[in-house]
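Each of the next two complexes has chain A plus one more chain, namely chain B in the first and chain C in the second.
For the complex of A and B:
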């Protein structure tokens, strides 16, 4: 079966399939004349071109690689080293071994920040997934029946707005006295909320903003995923008697699973690292950070404060390292589990 | 099994009309093929029969049941799609079982039916495979199996063979026809390939621009096309058709001339009054043109451009007659003209077709074997061409 396939894909003298690959770059003199145009051209090229040719690929990736190495990989490695030292910019650098970890694990605030992060992630990931998928399904129907392109742009728009600028606008929206949020609530006959100033409501407010800002991206991803589901397969299911719910559960959902998996990974990573909007919404201006009673102090926010408010750079490095490991573990677990429910065509 | 009736069906997509006031009846157990060029409305009609599209007006009847607005899933139809449209994430077994599962059929009954259909289509060895792991022909059979799982009353097929290679296509044509004869299910089949239509159909419906050009047994349509379009579309190689003028003489015969000096006398009787003249399409099939020797009387001369060998005994001469290319079917084995040779041709006048130049409609009564078509028609439908 497999053999048959390979043979059909690369027509040519049988048995050359193996040698083909190794011989293509360097032209051997024994090659029959004019087998392909590319090979003929090769032979006419000067030795310079031939010498450089294998390196071209590397040369092309050098600029991008240089930037990544300088601004990402080197700092990342330095951070991992720093996590085991004591360094607060001004003083001497001393090796602490696991001392930073010991300090952290004895800090109730650190544990609280992990819990807050967990709260944020556990609510945001399913919420974003559901809302994005729901919007995508509605939009697809809209696109088919009338003009959904405009609505799609509207939903995507928040994602391209600057995080800090729109966060500040949402600070106004959440203003307990004059904000739009409470205006809407009172008109619905509901009690006013303290929003960003209330320890219980600060996090939901941040979540609301985050959903507004990010859901467009995931909606568009889902729309893409829906678009590649073959229409004929859906129609076949209709002829087979599948109604809306069955159709979704047994055809759409399984065929959409690669997209769902992608969205799952992206939302997890993005919410675990969320910082900008939290900082801007809860205390960026006041320098407090982390909201009332540290209610929005996620890991990322605490790392920022530790590093740039208190200049415990090494302690922040340790926290970053732990966050990295947590993210890595979660992603690996998700990837492992994915083989059970993600179907790649 | 059911008789299908379509009544004054109209369907528009925006500005373009896909179907215009189309009515047709398909008999119980019939293998009915809808054929036409792409965009002629044949697939739209099939999708309306499946319930995947709603007509703008008109009705669809399955037997006594009006199903115009019935859900596809409640119509008891099976459908085979052009790209098979198998569920890619499900195994062959699950693909077959899908419809029954959705309808909450008892688990054991599903297993029994899957085994039955798998045996019928020789799919037993592939039940655990995913569609990706199957060859084109195997996918085709799974698609067919899935379509008949629920014992539908009507089987719809939308160009099911177009994705197969030529050899497999020929074989599947026979397989499908044999399958139909064994199961006896009413089958409506869409194709753009007149060859498929001819080789499989009990009756063919030739469509063009959302309208019916002609319905009938394939051999009927080939011998007695009712429109210029049907004449061009059906039969291989296609009929030679070129412009001519026709004049009915006082004797009731038609004088046909194409301006090249060639003229033919075609026996009538003709419905038009004597003396009237008419622009026509003159049509003659490749096998109804004879090469004539130097001593005999010829209708016209032409220059051979290409000598095409059909593989068997058939040789097709593509000849130039003024601005037209005429194809002539001759038997191999004799002294064949070569490219560039001048040939003298004679039309078999009893096999000449005349269509009105403006509407394309056949001019009645035509001549088939020298008889008026009006008297011949019932005979053709009945026995002669079965």
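For the complex of A and C:
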């Protein structure tokens, strides 16, 4: 029945076969008859068909599975092997045991990259959280009206723009002589900064760009979290005379905690893996990335440089393995902590 | 539920005045809030706007102090970039890569989504976990060994190498599975009775009813695929197959301080995103946010 309807709406390419077939059910319409027909269909099936049918389900997943295994799972497994070998793409492999780790831990640059990553993550996570929450609270009312929805779209837009295309304008914004950033600073009576050319200010510049590019996503997530807070709870607290701050601390914040937790995980994982904007903002012009004096060489950037500028794939694989484990541990710890302070309704 | 209620009731007592949560953030009047919302929205859009201002500005506008605020609408620089560089070639590369990826993701997503929704077989749940688990793998930690795999498959520097690895998406499979689970089983029974095979059923019945999922997957794949940068940076070396984002990073090196030409090139890369965003903003916001929500839940 339903199939017939659908078919009538969008006729298939083989018109004659269709009309031929639609005539058949027309002679025997009606729900109960259809049901018995299905039953006979199942009974008529041979055991071969019944045995093979589930296999079809499995076969349908195979194309996607093949892609995932080849390009994601195999590389992930290889990581745990190749980190202990001296190798290159042509396959010359000698087992080095912990040798790669030894070499790596004796590189001051590696430790510096971990510190840089820590700096980036520890600033970005709370900053993003605060700004996103603030923006969400500001946008909360009127989001359903056109005006609020428009503002939300504008804040969200940067998140879907390609990193390199928008990095270009931000390099100009951070230009020490003609850029907008210094123009604003001088008007506020503050000293001009070297931004991307200054080892101390390159990272903050990258942070500003990253905040601009990503905060819209988290704002919308918070807006979603605020929207599902039950109005009765808020009303009840209001009747009990809760003031703004109390209301936020005792009602909104606890009820928002699942969203806060989600944002926390996403910002941590995303900032630890930031690459495109760092590459483009600090050293896209040299094709190397990493900023002045390696000041923006985070772990991810250093892995890229080690593997594809210095072609030291073994060391890069070792660094990748460590990053893999760090991210795994962080996710597990955050999951554990979440059970303690996230309030799930 | 019970806990919070009682804690709210006991918290801070009844000393407060009439201030309510609704009015709490609003020392600003409703009008003032609207203005504030709009101003913040404009701050966020400003850099994108500036790309247009400088690209269509007069020569030297990038060096003006105070900064130029109004576009002069001179399209000379964009014309120059279009005719004197290979940007059209890179643009078409991106179009080709993005479209092919979207088609592949839709096909593999529909097939796997149906395979995981409609059949019962041993290990189905495990298979689903394997499919979803891909989202948990940290991309930056895999890139080195992925390069190794790509080398051995002979996929470096090919279109296939830029398309195939992204031809299946966990999010797509998840969305299609959800959509197909909503379909009554009787549909499929009737279709079989009429002699339709799986593919005919998917094409004629299942996919048309899952149109929202198709739209979401298309938008998501478009955003990710059009913005692709790190993967082609590492996996390609010849200009023949490279996408536009990578070309922009080349231009950053070769045009170094020629802001007008650089931003013109950026405009060309941005236009498809801006146009599609303008028409689908609500769906796009929902699609992207929904995906990120799905990652951890």
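Annotations for the structure displayed:
Just so it is clear, the second predicted complex is superposed on the first by the 272 of 345 C-alpha atoms of A that agree within 3 Å, B and C clash if a C-alpha of one lies under 4 Å from a C-alpha of the other, contacts with A are read in each partner's own complex, and residues count from 1 in each chain.
One rule holds in what follows: a contact is a pair of C-beta atoms (placed from the backbone, for glycine too) under 8 Å apart; a residue touches a chain by one contact, two chains touch by 3 or more.
Everything numeric in this text was worked out from a predicted model, so none of it was measured.
When the two complexes are overlaid on their common chain A, residue A:137 makes contact with chain C while staying clear of chain B. In the superposition on chain A, contact of A:191 is made with neither chain B nor chain C. Residue contacts after overlaying the shared chain place A:313 against chain C, while chain B stays out of touching range.
When the shared chain is aligned, chain B and chain C each come close enough to touch A:251. When the two complexes are overlaid on their common chain A, residue A:236 makes contact with chain B and with chain C alike. Put simply, more of the residues of chain A are touched by C, taking chain B and chain C as the two choices.
Counting contacts by the rule stated earlier, residues 1, 233, 236-238, 240-243, 246, 250-251, 254-255, 343, 345 of chain A appear in both its interface with chain B and its interface with chain C.
Residues 1, 230, 232-233, 235-243, 246, 250-251, 254-255, 343, 345 of chain A are the ones that touch chain B when the two sit in their complex.
Chain contact summary for the complex, chain B toward chain A: residues 50-52, 71-74, 77-79, 81-83, 85-89, 98-99, 102-103, 132-133, 146-147, 150.
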